[in-house]
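One structure below.
Here the chain labels run A, B, C and D in written order, and each chain numbers its own residues starting at 1.
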Amino acid sequence: MHLILFLVFAAFCLAGAINLLLQTHPINSALSLIVVMTSLAVLYLLLGAEFLAAAQVIVYAGAIMVLFTFVVMLLNAGREERTRGSVAYGVIGFPAVVAILALIATVFLHTTGLGDAAMSNNITTTQELSTVLFTKLLLPFEVTSVLILIAILGAVALARPHDAERTARK
Amino acid sequence: MTILQFFLWSLLKIIVVTVVLLLGVAYTVLLERKLVGRIQNRWGPSRVGPFGLLQPLVDGAKSFLKEDIIPTAVYRPLYLLAPIIALSCALISIAVVPFGSPAVEGPGGFHIFQISDVNIGLLVVLGITSIGVYGIALAGWSSNNKYSLLGSLRSSAQLISYELALGLSLVGVVLRAGSLNLRTIVESQARHGLLTWNLFGGFQFVAFFIYLMAAYAETNRSPFDLPEAESELTAGYHTEYSSMKFAMFFMAEYANMIMVGCVATLLFLGGWTSPFGNLIPLPQNIVIQALLPIFWFVLKVFSFLFLYVWVRGTLPRFRYDQLMNFGWRYLMPLAILNIVATSLWLAYK
Amino acid sequence: MNQPLLYLPLIPLLPFAGFVLNGLAGRRLPKGLVSAIALLAPLASFLLVARLALMVWTGSLALPVIEAGAPVWLSVGNLHVDFGAVIDPLSLVMLLIITGVGFLIHVYSVGYMAHEDGYWRYFAYLNLFLFFMTVLVMAGNALVMFVGWEGVGLASYLLIGFWFHKTAAADAGKKAFIVNRIGDFGFLIGMFLLLANFGTLTFREIAEKLAASPNLTGGILTATALCLFVGATGKSAQLPLYVWLPDAMEGPTPVSALIHAATMVTAGVYMVARTHFLFDRSPFALSVVAIVGAATALFAASIGLVQNDIKRVLAYSTVSQLGYMFLGCGVAAYSAAIFHLMTHAFFKALLFLAAGSVIHGMGGEQDMRKMGGLRKHLPITFWTMTAAVFAIIGFPGLAAFFSKDAILHAAFVQGGLGRVLWFVGLVTAALTAFYMFRLWYMTFFGEQRSHDVHPHESPWSMLGPLVILAVLSVCGGWIGAGRFGAFLAPAVGARAAEGSSASLELVLTLLAVAVAAVGWYVAHRLYYQQPEEAQQWAAAAPSGYKLLLHKYYVDEAYNYVFVKPLLAISKFILEWVVDVAILGGLVWLLGGIALLGGAILQRWQSGNLRSYAAWLAAGAAALLLFVLVPWTSVLANLGIHLGIVGR
Amino acid sequence: MSHAFQQDVPLSLYLLLSAVLFALGVVGFLIKRNLITVFMSIELMLNAVNLSFVTFAHQWHAVKGQIFVFFVMMVAAAEAAVGLAIIIAVFRARSTLAVDRIDLMKL
């Protein structure tokens, strides 16, 4: 059961990710990414992280990606232009990516002592999570909240039309 | 219980619940038309069948039989995908809703009145609701129509804004119950019936009020039905949709209403439990023991829907900036205050 | 020893405080306050010094006083330099002269400079001058002395160039500074030699070490002494570095008085006296000092004969008198030299201030040919000037009578070379008498030659110092006569005048007075009785006259020998070596490197996000490669395979 | 069939998946020409890393691994808010989202 679910959703993940690369329209890419994210949520669930699974859906799929689609719609972004930029990305970038993937994969596959994940095994409840989060890691949590506040202010400041534009609009 | 049995039972439950839900959706539409008619001093549908009771079926047939028009300028894949996302998201949430007493079990300790009992049921509902945004957003965008686009932009912004207030209003309840499991939440308010409901005994009336407002906005219902404001945007995000696809949006809207009613019932109104608590002892008959909680549940959801329609027939539509102001400036701070007050109270207790 | 509170640091620091106050805030302060600050600072210093002197006089203070526990300036290896002051008879005398005469000049300046712009600036500089001079005199070691030495140069530059808008004044300031620098260079070398040979710069320690090694003579000591003497010639305007002093007349007259009489030029004499233990051990250096002194005395006096600018006459007179002092030093009669320094301070300050009063009264006129008959208009100035003139020529009983005779006597007594030097000194005395009386007659007697000015007597703030200095000039000789040598002996060493006898002294004295009288007579004849005869004399020896009038063409010679080639070389180096080769080359080199680097690096900085991302990924891959691959074992395996390492 | 049902999944497969997703994210960054899509590739990389965090948290029974993912999500949310605001500002200034055309610091 676990294996089947893993295979199915891992396949969804990979398909979504590849589709993200292949699609030329940002909105399709965004939808592919949503597929990746929701599939990942299922994988989290399989790994016993149920709160994270919900958070993944709510935060990533439900908020961040909505923001992305919202921006795509707002800017009415069309298909990608076939621009020719630098060649460095092909010459340098792809070998580098292959190297990274090869290295990481080698290390992962050679690591001994990694166990198996079984169904309904080692589930982390929301209570455990929040106990650690609100006691031991309270300070980082609060710092994160400040970060988000700053991000909100920054976003507002950035997206606000300039004074000149505003007066011109009036 | 073997895996095969599990699948079969689950399939059966899913089919039954879905059919009931769809029927509920159909008759909610009728209910609304009749009620609004009465509020506006007219009869509403009354010709098809006795008291117009067959009207929903006829409407459905009409939707199916109408020509399916796909405008040339639309972005087809998403144009087709959007109503499916909207409807499926509206229907899926019901999977975690317990609508009957868990005391009644099937063979092998199998819950009959809940498709799936999830630890984080409330979060699942919220998550699926948040995915539902895409149906509307994509519909508006793929239609390639400015009214649709404006409607879906409004809708996206509105949903994101009010989701915050909605989620925060539920935190008070979660704090009281100490769980995200919907069944546990219901059981935490079961002891003395009406008096221990979160709405009354739990002092979560502020939260309930916020939830009510946010829920109306989330379901794009009057007085927050700006995404489909006829006078401004023709029909908003579903301007370009017709026949069956339009019907799917329509059903999604009412399914969402029912879902919101279910959540309200579970979280604030004591779910399937009796409002009289243990004052009226349960009869020993197993059938009555099974059906009575369902009766209470449906009654509560129905009351909620009645409120929906009543508000629709009564209040005028907000302006867009008023809507945003209200959500960000009043509802959200209020929800945060509610969380703080509840936490303090719980800590004091 | 239970030492009474002496407030030694305050002596230099008070003028310095005056300088800081006036220098920083003077522009905004009212004139009265500026003068008050400027006068009070040296007055307070003088009172402190006077208190010291009084304590020494009454015997409640034993000299020398060596300040202990002063702040340390440098401590490098074995070298320790502190700011401790040393008061011995020599520096006490110097301090009295500097602060006393300095204060009088300050008072005089209040009247003289009353209508100048930059009044506050002038007094700030004046105080700065006193500060550095006191530092110089009180210094216990050569390095601190050098600070004062350099500072005096700076202050003189500022004061000579006080009217910096006048090209001549600005040039004179620069000239003084540069010529002084040459001398300072000698001092510096001398200091290095001291440091190399004795490992210390403290005078007392050097003297002790020198005393401890009686066999040490010759080369090194001579070289050191000569280097120091080069410094002294720069500061004290001796041949060949005297050229700045006459030009320094471009500064305000009180400044000339300060530089010539009380402070700057005496520094060289003071320094030679201070380091006498070096000179004493090197007869050759001593003879050089004596010869240079005598030559300068004669040389300057001869130029002074024909000058027409009243201040220039005085300037050459100063150079000449300084020559006397070095002559004194050179025959090891240090106390006589210092004695002459003191009396000279009195009468030369008086001469300058009186000349200033004359110039003031004449409305800025400095040419003696346009003066004359001023006796009636400036009576007090006349009488004080008369006192000074009689003092300088060595009129019996007046200041220079004692001091100059002491020097000449010492020279004569030395025998050998000393006799020659004595004769030169004697001739110089005659010349001195001649040009001083020439000045006297041209200025105060005869007819008034210029009628477009109305001479008037100066205010009392100027006349007061004149009177005080006149009294000192008249009586100053009696202060030291006979006693001075004994008083200074602990500081400069006493030399018994061998073969001295009262009769010889009397003969020598009479000779000197007679020679001076001859000078007086010639001046009287040429400039009082038959003024036209002077022109005839000049016409009789036109080349000689012109030579003197143009100061032996020394300035011109220096100009051709040193200044012009230096300018040409500097210009060449600046224009071609520095500008074109070094700077230009450097610019081209840097520019080339930047261009080359830019040409390579700009390929990276394309602004293209995706290429940046590619490099980022490459960097990450490199890091992973570095971290994840166990390089040591990989290399070891490789080594085994290649047969480098292993069996 | 029941064999496949009871089969457990080795965690290295999860890690491998995460590595592949990450690499795909990098590739996306390299080849995508739309600013928004490039940004999405970054989100993909973040998600890939999150997956390995959760996997390790499962392996070592460590709650902190999951909490780290939680923080990553929060930071990603903040990043998305600011990043998208920047993208809007860039679009306003240049009327294009093509990364190859946005290669100057000044306007």
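Note that contacts are C-beta pairs under 8 Å (C-beta built on N, C-alpha and C of every residue); 3 or more make two chains touch, one makes a residue touch a chain.
For clarity, every value in this text was computed on a predicted model and none was experimentally measured.
With chains reduced to the mean position of their C-alpha atoms, the one farthest from chain C is B.
With centres taken as mean Cα positions, chain D sits 32 Å from chain B. Between the Cα centres of chain A and chain C there is a gap of 83 Å. In this assembly, the C-alpha centroid of chain A lies 4 Å from the C-alpha centroid of chain D. Once the centre of each chain is set as its mean CA position, chain A and chain B turn out to be 28 Å apart. Multi-chain contact residues of chain B, defined as those touching 2 or more other chains: 3. Those residues of chain A in touch with two or more other chains are numbered 1, 51, 55, 63, 67, 72, 74, 85, 89-90, 93, 96-97, 100, 104. Listed for chain D are residues 5, 26, 30-31, 33, 99-100, 103, each touching two or more other chains. Every pair of chains that touch is listed here: A-B, A-C, A-D, C-D. If you check the complex, the residues on chain A that touch chain D are 1-4, 6, 10, 13-14, 17-18, 20-21, 26, 29-30, 33, 36-37, 40, 43-44, 46-49, 51-52, 55-56, 59-60, 63-64, 67-68, 71-72, 74-75, 77, 80-85, 89-90, 93-94, 96-98, 100-101, 104-105, 108-109, 111, 114-118, 122, 124, 128-129, 132-133, 137, 140, 144, 147-148, 150-152, 154-156, 158-159.
Partner chain A is touched in their complex by these residues of chain D: 4-17, 19-28, 30-34, 36-37, 39-41, 43-44, 47, 50-51, 54-55, 57-59, 61, 63-64, 66-67, 69-71, 73-82, 84-89, 91, 96-101, 103. Residue ranges on chain C touching chain A, taken from their complex, read 606, 608-611, 613-615, 617-618, 620-621, 624-625, 628-629.
Partner chain C is touched in their complex by these residues of chain A: 85-93, 95-97, 99-100, 103-104, 106-107. Chain A meets chain B in the complex at residues 1, 27-28, 31, 34, 38, 41, 50-51, 53-55, 57-58, 61-63, 66-67, 69-70, 72-74, 125-126.
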